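The two complexes that follow have chain A in common; it is paired with chain B in the first and with chain C in the second.
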Partner chain A sequence: MTRRVHPGAWWLWALGLATAATRTTDPLLLLLVGAVTGTVVAVRRTDDPWARAYGMFLRIGLFVVVVRLVFGAVFAAQAPGTTLVTLPSVTLPSWMAGLRVGGPVTAEGLTVAGYDALRLATVLVCVGAANALAAPSRLLKSVPGALYEVGVAVVVAMTFAPQAVAHVRRVRDAQRLRGRADRGIRSLRRLAMPVLEGALDRSVQLAAAMDARGYGRTAAVPRARRRATAALVLGGLLAVCAGLYGLLDGQAPAALGTPVLLAGTVCAAAGLWLGGRRSPRTRYRPDPWALPEWVTGGSGVLAAAAMTVAGLIGTDGLRPVPGTVPGLPALPAAGVLVALAPVLLRRIRA
Partner chain B sequence: MIRFDRAGFRYGGTPVLTDVDLEIEEGELCLVAGRTGTGKSTLLRAVDGLVPHFTGGTLTGRVTVAGRDTRDHPPRELADVVGYVGQDPRAGFVSDVVEEELAYGMESLGLAPDVMRRRVEETLDLLGLAGLRDRPLGTLSGGQAQRVAIGSVLTTHPKVLVLDEPTSALDPVGAEDVLATLQRLVHDLGLTVLLAEHRLERVVHLADSMVLLPGGGRPPVYGPTGAIMVESPVAPPVVRLGRLAGWTPLPLSVRDARRAAAPLRERLATAPPPVPSAPGGERRTLASVHGLEVRYGPVPALRGVDLSVASGEVIALMGRNGAGKSSLLRALVGLLRPAGGRVRVGDAAPHETPPRVMVRTAGLVPQDAADLLYAETVAAECAAADRDMAAEHGTCRSLFERLAPGVDDALHPRDLSEGQRLALALAVILTGRPPLVLLDEPTRGLDYTAKERLAEIVRDLAAGGHAVVLATHDVELVAEVATRTVVVAEGEIVADGPTAEVVVSSPAFAPQVGKILAPAPVLTVDQVREALS
Partner chain C sequence: MSPVRTRGRSGAATVPVRLRARSGAALLLVSLAGLVAFCWPLLVAPGARIAQSTFAPWIFVLLLPLLLAVALAEVAEGGIDAKAIALLGVLGAVGAALRPLGTSVAGFEPMFFVLVHGGRVLGRGFGYLLGSVTMFASALITAGVGPWLPYQILGAAWVGFFAGCLPRRPRGRLEIAMLAAYGAVAAFLYGWLQNLGLWPFAGGMSSSISFHPGAPLTDNLGRFVAFDLATSLGFDLPRAVFTAILVAVTGRPVLLALRRAARRAAFEAPPGRRPADGRADGERPDHGNVDHERPQHGRADDGHVDGGRADQEQVDDGPVDGGRADHGPVGDGGTGDGR
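So, the complex of A and B:
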């Protein structure tokens, strides 16, 4: 049996590619990112149900492109240039800011909208790739111990949804068996009660089963440590908020930005770590973080880094001007291609 | 190992258990028996602290397990000494894959990773689950799910295993698997097992001791299985046959009974064979199925099924879990659209008939009879049924009175016993006076008395010109009531004929009396009694 790559590595890889995609509007680069995710998913996907997520995200991406183009043509102020077609136009009254709807549609305007839409779609496709490659339950298993309860709640919710669907079907069948129509508002009302009752029943049973299996055992923790944990987590999160505010607001003093953000992150992490020690839980076969994880996650980070560096040094072609033929800048393209590395791992992991 | 010291339990003002005084030794397999509502589940849950920590109510006296008082130890603090598997094992699954589920309890206890790994592998082998380790829990069959649930509590190496109705929902073969596993655990690991089960015929020969709950506030009786069975009001067919024939000691297993039964077999060989009760009156075909195919997505559930049902017949559908029994019943009432072939019930195709018309030709009581019930009280339920089926007011109530006499009108359907609830669901269905009555797994959760009542009801229905088709795992009920038995496997009908012929030849489906007295063609204790008189 081959081992699965740590789901965190897949997310790192995908988010790296997504970051790269947000830093450019070059359609060729964006399509390259899309092609890389597609190739890796095609080679590395499993037969698990979530592996179908990629196709779904691809369709959502296409939908986004279409919607953005339509909106761009109808609502947006058009960039000046070649007029392709003139739509009947309506100028909204001044109390609605005098917006104009319709009017001439320019090739340049459509191109800008198209580039923008493609960027969003590419980010979506990257997220889809992560969803298809990383097992959701394994990812939840890797959350810090202090957040363990949250992870369990999510897993339970995921198994509840299909059960609820099955129960709805059973109740509808029962309606038919009693000679009642299974459509209409009244049948919906009759459906809700038994289904809610069933869900409540199941949660009580599950809670009993979990309790009987040792869920929620806690180690004895001195009160001082418990308080320290709470203070660290809360203080840390507040500091993270303040730091983000400092970073985003140009007028805030520089000291409020990065340093506070970093300090907050460290505090929160320490709090979570301390909190995790409260529960005596251990983990069964945690996913190790070894060479394949470094390669997978690292290749995504490299792609993001290459794109960022290219942006900083001012490489041409990251944001092509409408009306010109887009090119494929060498540095970012090479960075994106590095993210193909997980394909090679297929042989190594056997 | 388990000690009840003058323990009692009250829920509000209602006493559930009183004066429980017993001590179960290490390595004992103890069976808890009694009618429904006598507090079997409560007794089991008191052992692992769910009663009263989880359920509320008042526990008096003292319950200790491996020296720990359940009063001071909530269930999670007992998790390393008691493993508890509830009635529906699937309701207790926490993770999504078999292997993870096995490890869950150990993770909660904080065992070292290498210990967890070793125990998971051992448990996979011990319970024969190695082939299933990567399977999502939702795809397991009933027997597999039960074994995974048992495995998942065994990995913490508890000293006591508590099982509530472990085989009730299983087909005979799946039940055998689970029970064989249990026996192995008791013999090889010295585990103390406490289990409740309605189907005594499946477990009584494995039990060392029994706790018999008489109900009605009287204290339970505890003792060796053989001694308890002599007097017990609930008894499997093998014991009832033993009592009838006056065998001492009373045999508890088919094997012991067969050894004692040689003289009885000789007497039966000379007695006239029982006359199968032929359904009287005019017989007409109520439903016919030709080449029926049913699919769930790409998965075929039924393939080329032919069946015809005539009035006055009681047909038992038997087969493994998932063989297609329920699908056939559902196709007969139009809940499923056939992918091929033809279904006619009365004069119409059921899936094209509107529900309001369908209830007058065929009625199905689903596996979970409570699904059919919505109202807050019995009276409201009956009134709603009269309206639904456009029957005269009071029809449903009088039917229910005949099926289950003397039930309080103001009770909530949830507060009825299993048997009464089934009777109410059946009354609702019968309100439409359908000639064809279908019952899906009706004996789940029924005790012997309720089952006998059900058998009478089914025979009455058949005598009244109804045809009854029941899908069931309960071989004893089939022997009692079915005139014809149809065995389904992998979506195909593999046997169809008079019950006596079909079940006697099958090791899984033969009733106990049939196994003991073969080759004599008797299936039930009543038939033996008749043949001897």
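So, the complex of A and C:
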């Protein structure tokens, strides 16, 4: 049987492609990114229920494109260009910024809106590919130690939710058999109470089971490490807030923006790691990070890197001007094609 | 049905997750940064460099998961015992299971009443965790992890947190009325904030109702109101009304059930001094059997069974209390830090 690739590798791959997509508005490149994710999902998808997520995200992406085009037409900014059609226009009152709704719709305006929407849709499709390929329960296994308790609670919630749904169905059937209405807000109360009571009963049983198996215990933490964790977390968060202020305020010195934000992020992450030391756990059958993971994750990172480098050296065609025919720049396209690598891994066996 | 409890009625016994000064400070900072993530289109100043970058909305999408992880780790920092984890997971499951019911009706979000009642009874720290766990689990179940998820988690966490911050005093009808009013306001603000977070993504930069970086606040606010009218106000208002009705209708029985569960679990009960019915959590620790259904009237019988096994359970409880005793010094160290 083929070994499942670490879910983190799939997320890295998908986020790499999504990053690549955010850095261009070239429709051909964006469609290429979408095609790459589609191919990989088609080849590597499993029969698990979450594998259907890709189609759902594809539909959301289409919806985004349609909505943005409608917005672009109805709430068109006064963009110069060829007028396609003139809609009846209304001017809103001044407390709504005196906007004008309707008016002339230009081809250039629609093209810009369409490119922008396609970019967002592509990012969503990349995320949908990650949803379809990465097993959520395995992803939860790799949460940092500081989030151990919360991670366990999420696992419990995910395990019990299908049972709760089944319980809802059972109670509803019982109400129907008694000849009571199963619609309306009052029936919801009759439905919710037995489900809730059942859930609370189960939580007591579950807590006993978990207690008996040693869940929820924490290791003794030296005072110095505790203080270091607190300092890192609070200092990091303060720096993040200061960095955000620097980014949003026009008069703030440039040094207060991105560098402080990055430093704060690193500090907070370090605090998170140090805080995880209070619950040392060993792992039963950990997911390995071996060659398939390196190839999968690495191909996504390469795609993002190629697009970023192309943007930095000023490759033509990353942001096509409306009214011209978009091309397919070589370097970014090659980078995106590298992300097809997971298709080749199909036959690697553990 | 259930025997009358006289002990464990004090407020402290029903707080499964205590927030210390350090956790509170971390939550405040994360909430501040989170509020900026929602509202930055209204706050951004004319000359700011972030205003020119098309990457700007994504900065927050990348930043929020880390901030949320830090916030949740800090809330859980004092250690959460198994009973609280189980209650958190099971209530989260109920919320996540109720959520798909709402997608068929415009703006109807049945999840919120679990958050409002849960936060009210079990405290703000628990409410914060409950909101996050419910949203996250529901996204994982439906495989709907997207850029919107951090915003939704933050919003739901706030709904649970502030439900736990409401004044303690009102009980009875007044309490239900207060919770229903809070539910309406929270549901409306939740939708409004989600819409605000969506604005830079949805509007693009090209239409007249998209935000114009650096324009005066009133100008952008007007644009946002227009955007809100065009997109989600038709969902937000019904959601607020639905939530209020649902909270009011379910209020009494749900609050009673949660209070009973909280007393039964005896959170933070001192070792060796459990309430009389505390042994209920010493029930058969049978993990594989958790989905087995029990008729409502059977609970009195269980009491008898437990009574019969009480001696045996007492032995089992030994290490549990030992584990809790280990917490003592840790907790003291924490308050030492706070000083």
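Worth pointing out:
Please note the rule applied: the second predicted complex is superposed on the first by the 283 of 350 C-alpha atoms of A that agree within 3 Å, B and C clash if a C-alpha of one lies under 4 Å from a C-alpha of the other, contacts with A are read in each partner's own complex, and residues count from 1 in each chain.
As a working rule, contacts are C-beta pairs under 8 Å (C-beta built on N, C-alpha and C of every residue); 3 or more make two chains touch, one makes a residue touch a chain.
The structure displayed is predicted, hence computed values, not measured ones.
In the superposition on chain A, A:P194 makes contact with both chain B and chain C.
Applying the stated contact rule after C-alpha superposition, one finds that A:R52 touches chain C and leaves chain B untouched. In the superposition on chain A, A:P288 contacts neither chain B nor chain C.
In the superposition on chain A, A:N131 contacts chain C only, with no contact to chain B.
After overlaying the two complexes on the shared chain, residue contacts for A:G323 are found with neither chain B nor chain C.
Applying the stated contact rule after C-alpha superposition, one finds that A:V156 touches each of chain B and chain C.
When the two complexes are overlaid on their common chain A, residue A:P259 makes contact with neither chain B nor chain C. Touch criterion met: A:L206 reaches chain B and chain C at once. More residues of chain A lie in touch with C than with the remaining chain of the pair chain B and chain C. Comparing the two complexes, residues 152, 155-156, 158-159, 162, 193-194, 202, 205-217 of chain A contact chain B in one case and chain C in the other.
Those residues of chain C lying in contact with chain A across their complex are 22, 25-26, 29-30, 32-33, 36, 40, 43-50, 54-55, 58-59, 63, 66-67, 69-70, 72-74, 76-77, 79-94, 96-98, 110, 113, 129, 132-134, 136-138, 140-141, 143-147, 201-210, 214, 218-223, 225-226, 230, 245-246, 249-250, 253-254, 257-258, 260-261, 264-265, 280-287, 289-291, 293-294, 296, 299, 316, 320, 323, 326-327, 329-330, 333-334, 336-337.
Those residues of chain B that touch chain A in the shared complex are 48-50, 53-54, 74-80, 82, 84, 86, 88, 91-97, 99-100, 103-113, 116-117, 120, 137-138, 152-153, 156, 330, 333-335, 354-356, 358-359, 363-364, 366, 368, 371-372, 374, 385, 388-389, 428-429, 432. Touching chain C in their complex are the following residues of chain A: 22-23, 49-50, 52-53, 56-57, 60, 64, 67-68, 71-72, 74-77, 79, 92, 94-101, 109, 112-113, 116-117, 120, 123-124, 127-128, 130-132, 136, 140, 144, 146-150, 152-165, 167-168, 185-186, 188-189, 192-218, 220-221, 223, 226-227, 230, 233-234, 236-238, 240-241, 244, 247-251, 254, 257, 261, 265, 268-269, 271-272, 275-276, 278.
In the complex of the two chains, the chain A residues touching chain B come out as 137, 152, 155-156, 158-159, 162, 170-171, 173-182, 190, 193-194, 202, 205-217, 280-286.
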